[in-house]
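Two complexes come next, and they have one chain in common, chain A, joined by chain B in the first and chain C in the second.
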Partner chain A sequence: MFKKLSQKIQVSILAICSLATSVTVILIIIFLFSEGISFLGMKPTEEGYVLAVNTKNNLSSISPELCKKVFDQEVDNWSQLGEKDMPIELVNSDQIATFYSEEAIGSEMEYLDTCYNDYVSKHEGAFAVMPKNYVTSKFKGRIVEVQENSIASLVTGREWFPTAKPIAQFGILPLLMGTLIVSLGAILIALPFGLACAIYMSEIAKKGRRKIMKPLVELLAGIPSVVYGFFGLIVIVPLIQKLFHLDVGETALAGSIILGIMALPTIITISEDALRNVPNAMREASLAMGATKWQTIYKVVIPYAISGITTAAVLGIGRAIGETMAVLMVTGNAANVTFNYLKPVRTIPATIAAELGEAPSGGIHFKALFALGCILFLITMSINLYVNFVSKRRGVK
Partner chain B sequence: MKAITKQKIVFSILKVMSFMVIAILFLIIGFIFVKGIGVINWGFISKMPEEGMLKGGILPAIVGTLCLIGGSMLFAFPIGVFSGIYINEFLKDGPLKRFMRLMTDNLAGIPSIVFGLFGMALFVNKLKFGDSILAGSLTLGILALPVIIRTTEEALRSVDDLHRQASYALGASKLYTIKKVVLPIALPNIITGLILAIGRVSGETAPILFTVAAYFLPKLPHSLFEQAMALPYHLYVLATSGTDIEKAKPMAFGTALILITIVLICNLLANLIRAKFKKK
Partner chain C sequence: MIQIKNVNFYYKDFHALTDINMQIPDKAVTAFIGPSGCGKSTLLRLINRMNDLIDGTRLTGNILVEGQDIYDKKVEVEELRKKVGMVFQKPNPFPKTIFENVAYGLRVQGMKNESEIKDRVEDAIKKAALWSEVERILNNNATNLSGGQQQRLCIARCLAVEPHVILMDEPASALDPISTAKIEELVLDLKSKYTIVIVTHNMQQALRISDNTAFFYLGELVEYNNTRDIFHNPAQEKTKNYVTGQFG
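And then the complex of A and B:
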C-alpha cells in the first residue's frame, strides 16, 4: 500500500518535471508580451511635457515621426502639416529665454508659464513644448495630442531613437532591415560551404575522415558567441576596413561573415543527416545505370534530401536572426535603413542587448525593447513551427 | 567534358570547401591560443583584476562562471533528466508526447537574448531576486533544459527494449526497472548531456547581461543574491568597453583562451564518454 503510494508520488514528480519546458514557454510568452503589448497605447512624449499651439490652429494630433521632423526643422511650415501657409515658430525652454527678458521670466523662472501662455496665444504659428503643469485654466493655447504607439507606427517608423527629446522615436524598420540583411548575407556565405561540407562528409569522405570531422563541426557550434564576436572584432573588422578602404570596419558584411561561420554547424549537421537518410538503394540504382558518383549525388541524392536541406537553411537563418553578442560586437550598431553591406547596421537582438541596461525599468523605452523581444520571439517561433511542420509532413526527423 | 573528369573537379572543390570549414575552426582556436597563451599564468587565474582591469587576473570572473554553472545545473539537470524520463518512458506515442517535444524544440530555438529579457522580467523584477547569481543561474538553467532533455531522451531510446522486458519478466515494476536497469545503462549518455549543457552555459553572454553580470566587482561572491562577474561578459567588456581597449587586448585574449578551454574540455569529455560507451 505504502509502496504503491510512494511510486505514484515518484511518477507524479517526473510528470511535473516534464511540464517544465511547456510552462517555461508559456511563461516567456506571458512576461514578454505583457510588457511588449503595454508599449502599444503609450505616448512617446517626454514624461511631464505637452505640445501646445495657438487656438486658431486646427492641428489636433501629430505623429511622433512628423513631430521630430518639426523639432529638427526639416518641416518648418504649417502647410506641410496640412494647415495654413505660415512658418512654424518653435518654442521650447531654450528659445523662450531669448524671446522674453529675464525680468519677465523671473529670477527663479516663476513666471515661465505666463511667458509660454503669452507667446502661444499671440503667435499663430507657435509650436510649443512645455511642462504639463503649466497648462492651467488660464492657458490660452490648445494642446496637441501625440499619436499613441501602434503596431503601424512601430513597423513603418523609419527611425529608432528612443532617447530623443521631447518625442522618442520607435520605428523598427531600420532594425528589421539590419537583422534581415545581416542574416541573409550570413546564409549566402554559410549555405555553399555548409552544403559542400555536408556532401563531402556524407557522400565522399572515407568513414575515418568523417569520424574526425563530425566532432570538429560540433566544436564549431560550441564556441561561445562572444568569442566569435571577439575574433570578428580583432581579425575580420580590420580586414574589411583595409580591403574596402572604409572609415570603420564594423559593417553588415562583418556581421554576415561571423554569423555565416556560426550558422555553419547547424547547416552541416542537419543537411548531412538529410543526405544520410537517403536510402542506399537509390544510390545503387543510379550507379548501376552507369551514372558517376557526382551525377548520382547531383541528380538523385540531393533532390531526395532537398526538404532536409531547406530545413537546414531555414534553421541556419533562425540561428542568425537571434544571435546577439557577436553581431553586437562587429556590426557597428548604427540604425540605418540600407542595403549596403559596407555600412554599419543594427539588429534587433543587438539593440536589446545594448539598450536594456540603460532603459529605466517599466518606462516606455524598456517596454519598447520588450516589444522587440516579442517580434524576435514570433520570428523564431514561426521558423521552428514551420520546420516542425515540414519535417513531420515529410516524415524525416 | 567527360563525366568522370567533371566529377574529379567537383569533388576536389567540395573537399577544399569542407577543409576550409575545418580550417576556420583551427584558425579561430589557434589564433586565440597563440595570442592568449602568453598572458596565462598562475597570477592570471588566481588574482583580482587591477588597474581598470588592465592588469592582474580574472579570478572573480572564473569563480562567477563556476557559480553560474553550478547553480544552473543544480536546477536544470534533475528537472531535465526527470522530464526526459517521463516523456520517453511513461508517455505513449501520441499528440501529448508530440506537443511536449515541440515545446522542447521551441524552447531550444528561442534566441538567448529573449531568455535574458525573460529572466530580467521574471526573476530580477517580478520575484525581486535583483541582479544576482540566483537569477542568472535560473535563466541559464532554463536555457540548458532542452539540451539535457534531448540527450536524456536519446540516451533512454538507445537502451534496448530487451533489458526492460527482462526486468519486467522478473516481476520488477516499471519505476524499479527504470531505476535499476534503464538508467544505469543510459547514464553515460545522460552525463554527456550534462557536460554539453555546461559547455553551453559557460559561454552564454546575452542571458546574463541583465540578470547577474557585473562590469567590475573585485571580490568573490558570498551569497546567491549577489552580483558576480562572469567570463563571457568579462571578455565582452574587455573587448568593447574597457577603460583602454588597446591595452586591454592581452587580458581579453587570456580571458577568451580560458573560456575556449572550458568549452573544448567539455566537448572533448562528452565525445570521449560517448565513444567509450559506444564500444561496450
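And then the complex of A and C:
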C-alpha cells in the first residue's frame, strides 16, 4: 500500500519536472516572438515628430532608410525619390533658425509653427521634420508617412543605428553579414584542424596518446567564453594588428579565430565518434586489397563517416553563431556590411548583449533587439532541424 | 606455394600458434578446420599480414609466398596484399555502388583508364558468377544486395586485383544454403587459376571443396593431409573425433 503510493508520487514528480521544462521552453519562445513580432508595424520615427512636404509634392510615404539618406544629404534631389527633378530643401529645427529672423520665430519660439508653415507652403522642394503639434488645421503642407518596420525593411536595411534621430535605422543586414562571415571564417579554420585532430585520434594515435588528447579536448569545451575573449583580446588581436599593419586589430578575423578555437571540441568529438563508428571490417576490406593506410582513410573511412562529419561541422557553426561574449570582446563591434575579414564587424548576439542595457524597456529599440533574438533563434533552430534530419537519414541507412 | 616454417605467434602474452610447419600447394583448395579458438583465422591472417594491424603481436618463424619471405623488411605489405587477397566471414562491401566496389582495388593501384577499369570490373564480376544478377544495376548501392550476392561481390572485388592467392575466412558461414552452394561452386571453379585457402566449420563443405585439409587444435597443427584421408582415414585420434563430430 505504502509502496504503491510512494511509487505514484515518484512518477508524478518526474512527470511534473518534464512538464515544467517543456512549458518553460515554450513560454520563452512565445515571449521572444511576441516581443519580436510587435516590432514589426511600429514606426521608427522619434516620438512626437512628423515629416511634411509642399502640397504640390506627390510623395505619400517614405522608407526609414531613404529618409536617413535625405537627412545625411546622400539623397538631395526629389527625382531620386521618384518625384520632379528639383533639389530637396531640408528643414529641421537647426536650419529653420537660419531661414527666419529671430523676430519671426519669436523670443520663446512661439511662432515657430508659422515659420514651418510658411516654408513648407512656399518651397516646392521642402522636406521638413517638425513637432507633431505644429500640424493644425491652418497647416498648408502635406504630412508624409514614414513606412512601418517590416520584415523586408529589417532584412534589407543596410544600416543599424537604433538611436538615430529623428528616424532610427533598423537594418540587420550588417549584423547578419557580421554573424555569417565570422561563423563562416570560424568553420573554415576549425573544420580542417578539427578533422585532422579527429583523424589522428581515431585512426593513427596509439591508445595511450588518445587517452591524453581526449580529456584535453574536452577541457577546451569547458573553458568559459570570457576567458576565450580575454585570450583573443590579449593575444590574437594585437597579433593581427601587427601582422596586417592595421589601425585596430579587432576584426572579423579575430572573431573567426576565437570562435574557431571554441568550435573545435564540438567538431573533434563528434567527428571522432563518427570515425570510430566506421566498422573495422571496412578498413580491413580496403587494406586487404593493397590500399595504403592513407588511401583507406580518405577513400573508405571518411566517406563512410561523412554524415557524422557534416553534423560535426554544422553543430560547430551552430555553436559559433550563438556565441556572444568572446565575439563581443574581439570583433570591434562596428556594424559594417563587408566581406573583408580585416574590418571590424558586429554579430547579432553581440549586438543584443551590448545594447540591451541601454535600450529603454518596451521601446522600439528594445523590441528591435527581440526581433534580432527571433532571427538568431530561427537560424539556430534550422541548424538543429538540419542535424536531426541528417542523423535520422543516417539511422535509416 | 605457401611455406609456413616454424611459426609461433603471440597476442601479447597469449601463445596463439605453436610450431606450425606446412606447405600449401598452388592451384588447389586447402581447408583449415578445427574447433573455435584454435587459431585458424590467426594463421590465415598471417599469410597476408592482416595481423600487423593488431597491437602487441609477435611472430617467430617464416612464411614464404612464392619463395619470398613475406615478413622480410624489404617486402611492401601493400604489394603482398595485392598478391594475396582476402574474403572475410561477414560480407563487407563498401557503401558505394556495385561498380565502385569492384573498381576500388584498381583505383587504389592508380589505374586511371576508365575503359580498362570497366573491362576489369566486368571480368571480375563474371568470374564471381554474379554478372547476370547485377549487370543492369551496377550503379546501385552494393549494400542493397542480398547477403549471398554481397559475398560474391566481395569475391569479385578481390579477384579484380588479380591475386594469386585467395584467403577465405568462413566465407559462407553467414549465408543461407543456396548462397552457400553458389559460393562452393565458385570456389571449385576458381581453383584452376588460384591458390585458395579456406577456413570452415562445416565438415561437409571441407569434404566437398577442398583438396587438402589441415586440422588445428589449441594452436597446434594436429594433422595435415589430403582431404579424403583426413576424413576417412585420419592418423590421429583427435582428428578422428573431430571430423566425426564427437567434440568441437
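Structure notes:
Keep in mind that, in the parts below, the second predicted complex is superposed on the first by the 386 of 397 C-alpha atoms of A that agree within 3 Å, B and C clash if a C-alpha of one lies under 4 Å from a C-alpha of the other, contacts with A are read in each partner's own complex, and residues count from 1 in each chain.
FYI, a contact is a pair of C-beta atoms (placed from the backbone, for glycine too) under 8 Å apart; a residue touches a chain by one contact, two chains touch by 3 or more.
Keep in mind it's a predicted model, so treat the numbers as computed, not measured.
Looking at the shared chain after the overlay, A:K206 reaches chain C, while chain B stays out of its contact range. Once the two complexes are overlaid on the shared chain, A:P279 sits against chain C while remaining clear of chain B.
Legend: residue contacts after superposition of the two complexes on their common chain; A:T292 is shown touching both chain B and chain C.
In the superposition on chain A, A:Y304 makes contact with chain C only, not with chain B. Legend: residue contacts after superposition of the two complexes on their common chain; A:V226 is shown touching chain B, with no touch to chain C. The wider contact with chain A, measured as residues touched, comes from B rather than the other of chain B and chain C. Contact with neither chain B nor chain C is seen for A:V390 once the two complexes are overlaid on the shared chain.
In the superposition on chain A, contact is made by A:C197 with chain B only, not with chain C. Of the two partner chains, neither chain B nor chain C is touched by A:M42.
Within chain A, the residues touching chain B in one complex and chain C in the other are 292, 295. Within the complex formed with chain B, the residues of chain A that make contact are 7, 10-11, 13-15, 17-22, 24-25, 27-28, 31-32, 35, 192-194, 196-197, 199-201, 204-205, 213, 215-220, 222-231, 233-235, 261, 264, 268, 292-295, 315, 318, 321-325, 329, 349, 352-353, 356-357, 361, 369-370, 373, 376-377, 380-381, 383-385, 388. On the side of chain A, the complex with chain C involves touching residues 206-207, 279, 281-292, 295, 299-300, 303-304, 397. Per the touch definition, chain B reaches chain A in the complex via residues 3-4, 6-7, 10-11, 13-15, 17-18, 20-22, 24-25, 28-29, 31-32, 78-80, 82-83, 85-87, 90-91, 99-100, 102-107, 109-118, 120-122, 125-126, 142, 145-146, 149, 173, 175, 196, 199-200, 202-206, 209-210, 232-233, 235-236, 239-240, 249, 252, 256, 259-260, 263-264, 266-267, 271.
Only residues 48, 50, 53, 55, 78-82, 85-86, 88, 90, 92-96, 104-105, 107-109, 154, 157-158, 161 of chain C touch chain A when the two sit together in their complex.
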